[in-house]
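Naming follows writing order (A, B, C and D), and every chain is counted from residue 1.
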Amino acid sequence: MGYTLQEMMTIMAAREIHNGDIVFCGTGISMVAAMAAKHINAPDSIIFFETGPIDPRLEEIPMAVADPRVMYGAASNGGLLEAFATMQNRKTGRRVIGILGAAQVDRYGNLNSTCIGEYAQPEIRFPGSGGACDVASFVPRYLIFIQHEKRKFPVRLDYLTSPGYLDGPGAREREGLLPGGPTAVITNLGVMHFDDDTKETYLAFYYPGVTPRDILDNMEFSVDVSRAAEAAPPTEVELTILRERVDPHKLIL
Amino acid sequence: MYCIHQGTGSMNSNQDKVMTLEEAIARFVTDGCHISIGGFTVNRNPMAAVYEIIRQGRKNLHCYAHSNGTGVDELIGGGCIARIEIAYGGNGKAAPTCIRFKLAVQRGELLVEDYTNYQMALRFLAGAMGVPFLATLSGFGTDIVGKWGFSREMRANHPELPNKKLEIIDNPFDSWGGAAKVVLVPAINPDVTIVHVQKADRHGTCRIEGLNFADIDQVKAARNVIVTCEEIVDTEQLRDKPEYNSIPFIHVDAVVHVPFGAYPTACHNFYDYDPIYLRHISHFAKDEKLYAEYLAKFVHGVEDHHGLLNLVGKGQLDIIAADKKTGYAVGLDRR
Amino acid sequence: MYCIHQGTGSMNSNQDKVMTLEEAIARFVTDGCHISIGGFTVNRNPMAAVYEIIRQGRKNLHCYAHSNGTGVDELIGGGCIARIEIAYGGNGKAAPTCIRFKLAVQRGELLVEDYTNYQMALRFLAGAMGVPFLATLSGFGTDIVGKWGFSREMRANHPELPNKKLEIIDNPFDSWGGAAKVVLVPAINPDVTIVHVQKADRHGTCRIEGLNFADIDQVKAARNVIVTCEEIVDTEQLRDKPEYNSIPFIHVDAVVHVPFGAYPTACHNFYDYDPIYLRHISHFAKDEKLYAEYLAKFVHGVEDHHGLLNLVGKGQLDIIAADKKTGYAVGLDRR
Amino acid sequence: MGYTLQEMMTIMAAREIHNGDIVFCGTGISMVAAMAAKHINAPDSIIFFETGPIDPRLEEIPMAVADPRVMYGAASNGGLLEAFATMQNRKTGRRVIGILGAAQVDRYGNLNSTCIGEYAQPEIRFPGSGGACDVASFVPRYLIFIQHEKRKFPVRLDYLTSPGYLDGPGAREREGLLPGGPTAVITNLGVMHFDDDTKETYLAFYYPGVTPRDILDNMEFSVDVSRAAEAAPPTEVELTILRERVDPHKLIL
């Protein structure tokens, strides 16, 4: 069964979600990944959005976190305050896995979704943090979704919007952040994890048909590829659920 | 500059606050005033009010936004906003970065101060509670703390702004709560907040259906409040279940009846967002000439929101009508 | 001493958390643990749970209370509480000052730390939000700031207590918000919170009817949560209007079905408080011997809450049944 | 038409409430006064309670601020946080008049509702602040209800629970309190106001049949009685409304 790199990327993220996780979702592909996990490998995971709904039914795929489709059949519909308090809260927050996108990611998993160039009058302005900085600050683990392109993996971010491991081991604690940080950078070419000691990204998986070289060629900084293995391709079951139940109208994938 | 029109007698339980949108905007939204609007990206933005503000030609507004996508981007495009404090200038599929926001910032036409969504929500809550700040654990180690859009000098010259963007302090209770430090964010008290709700009575008591986003605190933090609504309902109907009401009348100064007042954004249980019209805006927004034409025809070219709805046509409004059970337009083509 | 029984798998949306009250109390309320209960004076106190705690003989509890009159006073009378942080120990007409509370404090048997109602509500909110403190403008100039029930030394020896009762700091944003200083109050995270609600599903999603008091934050601040309810309802029924639900299941560890679980306090839309039984408690509470007899007969002398209700009798329960329209017993003799 | 001193006291308080005021109410006589004002002289006043309801219908007199009777027909039913934020809020709070009771009041209108004797193990323990300290701290004006007895008007409070004018002019501002303070002490014998300059109580009204001497005899500290006038007795209309509409079953009065 053939598949696209976007589909592969989505399935790789879904596989990182465990049963019982509370999944914080943004718009687009992260929503598809969370919904795929719930349908495939983590039926008891709970999806929630920064806009406030907890465990909505999601009979149609929402196109934004404020889509009315996130409101239907939820356990509760609050607002932003309730959503972020759920993450900052020590009981519920410790069970949350976030999925974040960004315009840039550095070797420590720090994210830029604000701007390229000078902050005051940038060359390119992006939407800004939204809830991303909050999620990255509060929850014990989060996934980063990003397309593998050189300019998206810079040596130095133009603006640090959301904290990864900052400048390395111990930095989060020093700055005052709760324990946590990114656990994987999932791209259209492979998956990077973070070294326990250095907190730097290393290549964990490359997708079938992609080489570690292809990946390094698409980054400004280089990463350790010695631990890399080829990822298992999506199974037929995974693809079928993704295509038929999660995003049947190809709204996102 | 402060523009305070303290609502006179807005406390009276029997005061009828119903007025036209034209009157409400003329009275409470003045050049240079500090404004916030409700809703979130493609949902329950007070669009009728936004377009009326543009039509009335308001300038130099200082805007407080979390992720109020469509409404804020149109206000920027309409030339109304000079400064913005914002968490997110994106609008879902129609505009991953809000187009007029992006262009204005890149051209240096819009002064921006960035916060996170939670920080903005807390700032409105602080304003609603009447405290100068609230604490959060987000922001540490980021440029949100280090890079200020409004400099200390500018802040010193503008008493209507807090002296600092934010402040990090050591936890006075040692490590109580598992935190060595906290980020304090200053309260917001807008001159005027405008929200669009499903149901309100003539005195301003509101019932919001679906998510409330940050609307309730945006309202309670404001010096003046305009509520636009799909339906004006009997007071008795709302008071039958007071725990389901979102805003008591004491905070509200104007109630305006505007069916489809959030169009082209969604209003849960009434209508969905209009993917076609949102794409249509995005198409025009990318080009100066096209956007000028768009404003001329679809904003300035109509008398009021009803005029816009007429241009859109009943057929399209029927397509986005909400399903009774789910609250949205089931099966709506959103590609 | 910390007694943490982190609810296992309380996050699963399909986990059935229904259990008996006996089991829930045995599991989550242990000697010396830090507890808070919901409700306010004569309304929606989790009385069935309170009486079960007394029956199970829990000792040395550290209690966090705002104005949870009836429940807290019975816990004190039952000998369960060693320390209390409280805003108000009164109970309406039946006991302008809670009788067992008053006696225990006057005898030096109960260590008290006084706060205001808003301060206690903020402390629960801070715990729910996961921040170490919140700010308020009340307390300045009073003995609430200056006189501490728990000394610095005691606090230093008890890591489960914040190092300070409260702290006054200068406003880091100058006079922003019209405040030169603020009072910071430390977060509360009880080991267990118990609330009584009208409706819950088997997973713990709750709908509170009428006022919520501080229940929602008390729940969200806690490490473990027991919900007792008048009715266990289908999940679908609650999810039909998610915005009317007060607590999502992710915060809850045990759901217990106890009709009249707030008796003798009121439960809006189900029953009123019982003025006769509240007076009856007050009568016994004033005298040691009488109160011992009361406990022996009405608490220890019954198997469970149903046993108490049998002693009270159906006739009396019918008298306090709530009127459908108003939610209380219209015309109830409350002299 | 004869009347009791409790009725007189209630009517004196009701007269202090203006149309359009938002009235913060405690239990007991303060609730009767607020309801009387709404029925007599301030039909557009809005009653609310610290438990959260705004403008409830109050078809029966509540016996406590958590009585289910405060929930029926309100504009909104929140919780404690909403109630106190309404007072601390600069738009709504500035319109609030509070009515507070206490065990002791001093010459500056400071209140004790906590204890007599040593705080740690007092001779008499009272309920404590509840919301009283919050109200006294947040709102621009409040009334104090108290019975005229010597021990209730001490030179020095055993515990200062709720701030009046503290130790005199400028003290509230110095301590950090919002502008405001008590405007009247209403007892079963008369009404005291606060001197604009000294912030000390002075006798403004004594009730028919009571002399300023009677009042001084029932206080530990003395007050200026030179400005005192006899209060107008309750009118027939006031008494009829109080007895027939506000508290027909004599639950409180």
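The rule is simple: a contact is a pair of C-beta atoms (placed from the backbone, for glycine too) under 8 Å apart; a residue touches a chain by one contact, two chains touch by 3 or more.
The structure presented is a predicted model; accordingly, all values stated were derived computationally and were not measured.
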Check: Which other chains touch subunit C while also touching subunit D?
Finding: B
Notebook entry, point to check: Could you state the distance in Å from the CA-based centre of subunit B to that of subunit D?
Noted result: 40
Check: Using CA atom averages as chain centres, what separation in Å is found between subunit B and subunit C?
Finding: 37
Next item on the list: Return the distance between the CA-based centres of subunit A and subunit D, expressed in whole Å.
Entry: 56
Next item on the list: Please set out, as single numbers or ranges, the residues of subunit B touching at least two other chains.
Entry: 130-131, 136-137, 178-179, 182, 189, 210-212, 243
Note to self: I need the residues of subunit A touching at least two other chains; which ones are they?
What the structure shows: 53, 71, 77-78, 88, 90, 138
Next item on the list: Could you classify the connectivity of these chains, where an edge means two chains touch, as line, ring, star, complete or other?
Entry: other
Check: For each chain, which other chains does it touch, given as pairs?
Finding: A-B, A-C, B-C, B-D, C-D
Item checked: subunit D residues touching subunit C - in the complex, by the definition given at the top -> 27-28, 50-53, 59-60, 63-73, 77-81, 84, 88, 90, 114-115, 119-134, 136-138, 159-163, 166, 171-172, 175-178, 249-251
Notebook entry, point to check: Along subunit B, where are the residues that touch subunit A in the complex?
Noted result: 39-44, 66-67, 86-93, 96-98, 101-102, 105-108, 114-122, 125, 136-144, 147, 149, 168, 178-182, 210-217, 266, 268, 272-273, 275, 322, 326-328, 330-331, 334-335
Checklist line | Complex contacts: residues of subunit B adjacent to subunit C | finding: 126-127, 130-137, 162-164, 167, 169, 171-174, 176-179, 182, 184, 186-187, 189, 208-212, 243-244
Check: Which residues of subunit B touch subunit D in their complex?
Finding: 6, 9, 11-15, 128-131, 189, 203, 205, 220, 222-223, 238-240, 242-243, 245-251
Checklist line | Partner subunit C, residues of subunit A touching it in the complex | finding: 19-22, 44, 46, 53-57, 71, 73-78, 85-93, 95, 138
